[in-house]
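Each of the two complexes below includes chain A, the first together with chain B, the second together with chain C.
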Partner chain A sequence: MKNFAIFFIVGLLTSCSQTKLRFDLSTVNSKQDLTTLIDQMVKNKVRIDSSSYAPKIVGKQGIHYNGILVNELTYFNNSFTFLTDSTDFSAKKILELLELRNGFGTYEEEDGFEDKPTFVWNNSISKNILELNLLNGKHLAAMGDKDFAKLTIEFHKQYEIPLANIHKEIKKYDLENLYALKVKSFEYEYQIWIDDIFIGNFNRGGQFIDLNNYILENGEHIIRYRAKYIGNKERSPYFEIEIIEWSKGDKKVIQKALSDEENKDFEFNFSSKIAYNLEGWKNGKDLRKDKQLKEKIIELYTSVGEAILQKDKQTINDLFYDMRKETLQVNYNNDFTISTEYWEYWLEIFENTYKYNVSQVFEIEYNAGGRLIYTQPKDKSDMLVITGKKFSETFNHLIYQPRGSNKLKFIRQ
Partner chain B sequence: MRILILIFIVFFLANCSSKTSNSSEEGLDTFISELDGKSLEDIETELNKNTKQLEHFIKMFDKEGLFSNEIKKIAKDEEEYEPVFKFDTTPIDELISQFQDISFQQTFENHNSQIEFSLNNKDGFDNKPKQVGEGFYESYDINKIFYSNGTIKTDGLNDFQVGFSFSREMGEALPIDSILINYKLEHIISYDSITVSLDNPKMNYKNGIITLEKMDRNYAYITKSDTIAAFIEIKGINKEGKILSGIGSSSGEQSPENQKKIIEGLISSLKLIQKKLANNDFKSTEELQEYLRKKLNNVDYFKDTDGLYHKEIYSKGEIHAVRMYFENEKETKKVQFIAKNNTVFGDYTQMPITDREEVAFINKQGKIQFTVKGDGFSSLNSRYYESEKYFHHLNIEKKRMDTLLVYEIYAASNGLVGIKKEKESDNYSLFNLDNKKISANKYYKLFDNGGILFGYTDNYICMIDKSGKESVLKDIRHVYNSSEGMISVERNNGKFGFLDGRGEIAIPFIYESVNDFLLGYTAVKPVEGTYKIIDTKGKIIVDTNSKNLSISENSGKRVYRFSNNEIYNSYGKPIFKD
Partner chain C sequence: MHPFKYLISLLLISITSTFYGQIDYKGLVKNIEEVTYQTDIEEYLKGLKYKKNYGDIVFDDERFIKYYGIVVDKVTFNVEWSNKNLSLELFNEEKDYIFLKEKLTELYGDAKINKSEDKITYNWTSTKKKIELNIKIEDERFSKFELLNIKLVK
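Up next is the complex of A and B:
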C-alpha cells in the first residue's frame, strides 16, 4: 500500500507537463501491449519515421512513462527503447519509479569514458536496461535536472509448456543446505556409493560430487567407497574424502576420512538437514525381477527419439518434467532463465535432429534396492544418440518405475 | 523496386554528363521495364513504402528548397589547397600491360553460363585490374569464346560483359576453354581550361555558354549548355589564384530551386498511382506500365527543358573564380588478351534451375544427364554435397541425390571423404566417391596438408592415399603446416624436421623450433643451438648466434629479425647487420 501511494504521488508529481500525456509506455508489459499502443498512436496520427531499420517517434507527441515525458521512442518486434526528456530530473524520477516497481536493479560497471550508470532488471517477462545520461548531474546521488535516461525493455519469449515454467514450481526455504563429496586422491582408482546408489568409477585424481541429487529427504545417509592404489610408489598413497555442507553460503566439513593403505573399503554415515521432501524413487518398483526390463528400457529411449523426430513437445514434456523438477528442487533453483534456456535447447534439438539410435546391448546397474537403475551401453557410447548436421546430443539417465505404473521414467540425469 | 526508385531519383538529380532529354526518356523506360514480371500486389506494397521514404527524403531540403551543404565563410588560415590540375599519363603503360594472366570461374544457372574474371597477381592479393582515374575511359569487349567441345562463338557477343567483382551471364551452359577479349583504353592527351568569375561571368565555349550564376563565400553555381561535353575537373579558385579543395558538390539537369519541386511533383504522381492501385484500377502489370509511360512521360520533371546542365560546388575557402577543364584531344590504345578457364569440372556439374526448384547435372559436353529437386547444393567434392540442413551424395547409378543422415563429412583433396556417423566424438570412417566404405572408423582427426591426407589414430599418424592405403609415419606425434612442398613435423621426442610430399624425411629431426618455408627459405633452431636460415635442402644459408627470432610478413615477403640486431630478407640476404 505504501509503495502504491508513493508510486501514485510520484506519478502525479511527474505529470506536471504542458504536453498532454496520451500514451503511457509503463502500461506495456508484453509484445501484444506494445502492438496495441503503437496502433493507438497511428490512429491518433502520431508522426512515425519509418525510414531507417526501426520505426522512430521523435518529439513531444504525448508519449510518457508513467508521467515522465518521452522525447524519442524506437520500437522493434519484441522490444522498445525510449529517451526521456532532459528536463525536470527525469533521469532521477525514472530510476525511482523502476526501483519502486521492481526493487533495486543490478548495477553495471560503466564501460568507457562516458558517465552513464546503468541498471538492469531481468525477470521472466522482460529485461529492463536503464542507462542514465548525466549532463549536469555530477554523480548518481546528485542527478541534475537536465539529466535524462534511456530505457530499453526487451520482452522474453513466453512458452506455455510446463517444462519451460518449472521454475514457478520450485519451493524456496529458509534452510537450503547443499551437500557435496570432495575427494583428494593420488593414484587411486575408486568407486563411490551413497545410500546404495552407485555414483561412479573414478581414476587417479580428485573429484567433487554434488550429493543433493541423490538425497530425497532429511535423514541419515551412508557413504561407501572402495579405493585401490594403482600408482608406482614414487609418492605415498593418499586418499581423503570429505562431506561438505553449505548453509547460507557458509561451508563446513561435516565428515572426513583418510587413508594411506593400498586398498580400502570404507563406509561412514552423515546426517543431512534438508528442507525438501521428494518422492523420487522412494516407492518405485524393485526392478531386479522384471523380465521385461531390457525391452522397457529400449522402449523408453525409443520414445524419446521418436518424440524428437516428430517434434512432439507434449511427449518430451511428459518424459522429462518430473526429472527436471526434482533436479531443480534439490538445488533450490527457481531462476527462470534456467527453465527457459532448457526448453529452448529442446526446441533446438527438434529443429536440428534427423535421426536417432538407441543402444541394444547394455548392462543394467541396480541401485537403491533395485528401485533405481542405470544402464551401461556396450554397443554405443550412450543409450540414446540423436544426430543432425554437425549437431548431436546423447542421453543416459537414472530410471525408475513409479508405483502403480508399468512404465519406466527418467528421474535423474 | 525501392532501390530502383531511389537510383532513378539520384540519377536524375545528380546526372553529371550533359545529355539531352532523350536520356531522361531512356531512364523512364528503364524504370518501367523493371516492373516486368512483378505482381500488382508487390508493386503496390513497394510503392507505399517508397513513397513514405520519398516524403522523408524531401524533408532534407532546406526552407529554400535546396538540398545543399552549408554556405559559409572560411577563414584564411583554414583554407585548404590542391595542386594545379595536371593529367597524369604515367599509368597508361601499366594499364595496357596488366592482362598477362587472366582467368575465370565458370558456373551454370538456368541454362546459362555465369563467368567471373580474375586477374592473377603474384605479388598482391587484389584480383582485379587497376582502377582507372579521371580522364581515362576503358572498355572490354568479348571477341571470341572457345568452348571445350571445339566450337568457337564469334557472334551475339555484344551483350556479354566482363566482370571482375561478380559473375555475369555469358551465353549457354557449355564448358568454356578460354575467351579472347579486346581491351580499349581511351585517354586525354590535351585539355582546355575555362575560368569564370564575377568580372567575367559568361564564357562562350564550343557553341555553348558557360555561366557563373551565383557566387557566395565558399559556394559557386555554374550552368553550361547541354551541347558542351562534361568537364573533367571543376574547382574553386581563391583571390590569390590558388586552387581550393572541394567540400562537396551537386549537379543535374534541373536547377537547384526546381529539385524540391520535382520531388514534390513526383510524390503527387506516385500518390495518384497508389490510389489507383488501391482501387484496383489496373487489371495487369502491363496496364500499369502503359499508364506510367503516358502519365510520367508528359510531365515536366522528366524532361530537361532548359537545355542547361547545373553544377554547384562548395570549396574549402572563399571562391573568387571557378576553373573548369575540358577534354580536347584523346588517344586510344588497344590490346587483346586471352582469359583461361580455371574451373575444374567434374563428370557432373550442377546447374540450378530456379523457377522449377530443381538442379540439373550436366556433363563436360554441357548435356543434362538428370535433374533432382532442390535449390542448389554446395559442393564438398565432385560427388558429395551439402545443403543447409543435410549432407548429400550424388548417386550416378540411380540418377538421384541421396541424403546422408550423418553428423559430419570431411572432404579430402584426394577424393576420399571421412564420415562421422552419429556425433562429434565419433571417429571418421573413410568412403570413396561412390560412397563405399573403405576403412573402419578409426581416425579421430583427418586433415589435408600440401595435397596429402593425414589421418590420426589412437596409435599412430599416417598418410592416406586415394585408395585408402596408409603409410604410417613412425614416431611422429604431430604434423604441422605444409609450405612450398615441405611439411613440418614433430617427432615423439619433441624434435622437429620436415617431410617431403611423399612422406620421406627431407630435413632431419634436429630442431627444437621451425617455421614455414617462404620463397625457398625458413628459419630454424637446432636443439640447444642458435637460429639459422636454411633452404629446402636443409643447407645453412645464414648462421647466427641468436637464440631469439621475430618474423614479420607483408605482401608475400618476410623479414627475419634476430636478437643480435641481424636482419635478413626472405632470401637470407642481410638488410642490416650490426
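Up next is the complex of A and C:
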C-alpha cells in the first residue's frame, strides 16, 4: 500500500511536469531556434491564434522559460514576447535568472501612466526587455509571489563580414586614458600640429579636438601652434591652449599655454599614458618623392566609388577595415551596436547610390615626415562624392602607404 | 518518454533552481549611512550597475539601497570641491518618515525645524555630516518626501 502511494505521487508529479513543461523558450537564441520551437508546438497541437499579424498562444500549454510558466506568448519575425504566470514568484525568478546569465541589466524606471520597472540587457545576439508588474508591493525590494513579468527578446541581425564584427577585435584596458586639445581664442586665426601632423586651420573661435586619433603609442608629444591676431582690438587679444586628460573618470588639465601676443609661433610637449600601441603610419613610406602619388590617390577613391556601385562588400571591408579598427581602438570602443550600425550604413549606401565623382584637382598635405597625407580638393566638396536617391555622402581621409606595398590605404577619418 | 528521462528533467530543473541563488543579493545591499567623505563611490558600488550623468553617479535599483534599514528608491552622489553630496529619493511611506525623524534625532540630537503651511524642513548637523530632510504635509500630516540630502564634509 505504501509503495503504491509513492508510485502514485511520483507518477502524478511526472505527468504534471510532462504537461506543464514542454517547450522551453530559454533555449531560443536565434530566429531559427524560434521557428524550430514554434514548429514543434504546431506538431504537438498547441492552440495558436493566427488571426493577427503576430500569432499568439494563450493559456498554459506547456510553454515555459527555464521552468517558469508562460501564460501568453506572441511572436513576430525575429522577436517574441511572453507573460509569466502571476504565481510562484515568477517575476523575481525570471529577473534573477536573467541577472545570473547576463549580469545586471540597465534599470529604467518609467514615469509613464503604468510606471512599470523595466530592465534591459542588450548584447550582440539579442535585446532582452523585462517589464515587471508589481502586485505584491510598490517596489522591487518587496517583490513577491503574485508579481509577474513580460519579457521581450528581439534578435539582432547577424553579419559575417569582419567590418560588422570589428568590436570583437578592440582591446580593453584598466587604464583607458583619453586626451583632447581645447582652444580658447578671441579674434585669432590659427593652425595646430601634433607630432608633425597638421590638425587644421581655424578662424576666430574656440576648438575642441580629440587627440587620441593622432597618438599611436605611449610617450612624449609635441603640440605646435601658429596664431595671428585678426581682430580690431575692441577686445584684448587672448589665445589659450589646454591639453585635457581623462583618466579613470577624472578630468584634468595637464598642460596649458596662453598668449596675448599678436603673432605667436610656439610649441610645447605633453606626455601621454596610453595602453594601446598601434601600427598606424609608423612604417609608412615617405610619399614626398612619389611621382605617381596623384594617380594613386585618384585610384584609391575610385576603387571606393566602384565598389559602392558594384555593391562589392568584400572590397569595402578591405579598404576600410584597418582604419575603422584603429579609430575604434583609440577610443577603446567595443560596443557591438557601433559596428553593426556602421555596416548597416554601408548597406544603405550600396542600396541607394547610383553615381560617384572623384576630385581630380587637389593639393596634398604631407605629415609625419611624408608618411601620412591628406588631400584638399579644389574642384569638389570632398575627394569622393556619392549621390543616390534623396541621399549624398562625401569621403576624405588621412592616407598612408604601407612599406612593401605599392598601394595607398586609408588610416584615419 | 521513459520515466528515467522525467527524473533527469526534474533533476535538471532542481539544479537550475539551486543556481538562482548564485548572486549574493544580500551581500550587495548598500547601507548609505556608512558612506563617508573618504568613500570611493565607484569602488563602493563595484559589482552593481550605476549610471554616470554629468559628473553625478546615480544608482536606482531599490533592491540594493537602504538608509538605516529603509528602502531607498534612488541615490545620487555628487562630488564638489570639499563636499560630497548624497541625494536620496524615498518611497512615500509615512512610517519611514516617522522612523527616520526619530532615528536621526536619536543620532544627531534635535533638528533645527522650519515649518510652513505645506512643508517641514529638518536640519541635523555634525562635524562630518549635514542632513536636510524636507517633507510635504497636508492637513498637518505627512503627504510625501521632498528631499533627503546628506552633505559629507572633509
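The rule is simple: the second predicted complex is superposed on the first by the 392 of 413 C-alpha atoms of A that agree within 3 Å, B and C clash if a C-alpha of one lies under 4 Å from a C-alpha of the other, contacts with A are read in each partner's own complex, and residues count from 1 in each chain.
We take it that contacts are C-beta pairs under 8 Å (C-beta built on N, C-alpha and C of every residue); 3 or more make two chains touch, one makes a residue touch a chain.
Bear in mind that the values here come from a model prediction, so they are computed numbers and not experimental data.
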- Item | Fit or clash between chain C and chain B when superposed on chain A | fit
- Query: Regarding the shared-chain residue A:Gly67, is it in contact with chain B (first), chain C (second), both, or neither?
  - Reply: second
- Message: After the superposition on A, what does A:Tyr173 contact: first (chain B), second (chain C), both or neither?
- Response: neither
- With the two complexes superposed on chain A, say which partner A:Ala141 touches: chain B (first), chain C (second), both, or neither. second
- For A:Tyr345, is the partner it touches chain B (first), chain C (second), both, or none of the two (neither)? neither
- Query: Anyone got the angle at chain A's C-alpha centre between chain B and chain C, nearest 10 degrees?
  - Reply: 90
- Mind working out whether A:Thr387 is in touch with chain B, chain C, both or neither, as first, second, both or neither? first
- Which partner does A:Lys355 contact after superposing on A: first (chain B), second (chain C), both, neither? first
- Message: Looking at A:Ser50, would you say it contacts chain B, chain C, both, or neither? Reply first, second, both or neither.
- Response: first
- Query: Per the overlay, which chain contacts more chain A residues, chain B or chain C?
  - Reply: C
- Quick one: minimum Cα-Cα distance, chain B versus chain C, in the superposed arrangement, integer Å. 32
- Touching residues on chain A, where the partner in the complex is chain B: 49-51, 352, 354-355, 357, 381, 385, 387-394
- Could you please specify the touching residues of chain A with respect to chain C in the complex? 13-14, 17-18, 21, 66-67, 93, 96-97, 99-100, 103-107, 109, 138-142, 249
- Complex interface listing, chain C residues touching chain A: 1, 3, 6-7, 9-10, 13, 16-17, 19-20, 22-23, 25, 42, 48-49, 52, 60-63, 71, 73-74, 91
- Task: Spell out the residues on chain B that touch chain A in their complex, using ranges where they run on.
- Result: 49, 52-53, 56-57, 386, 389-391, 405-408, 421-425
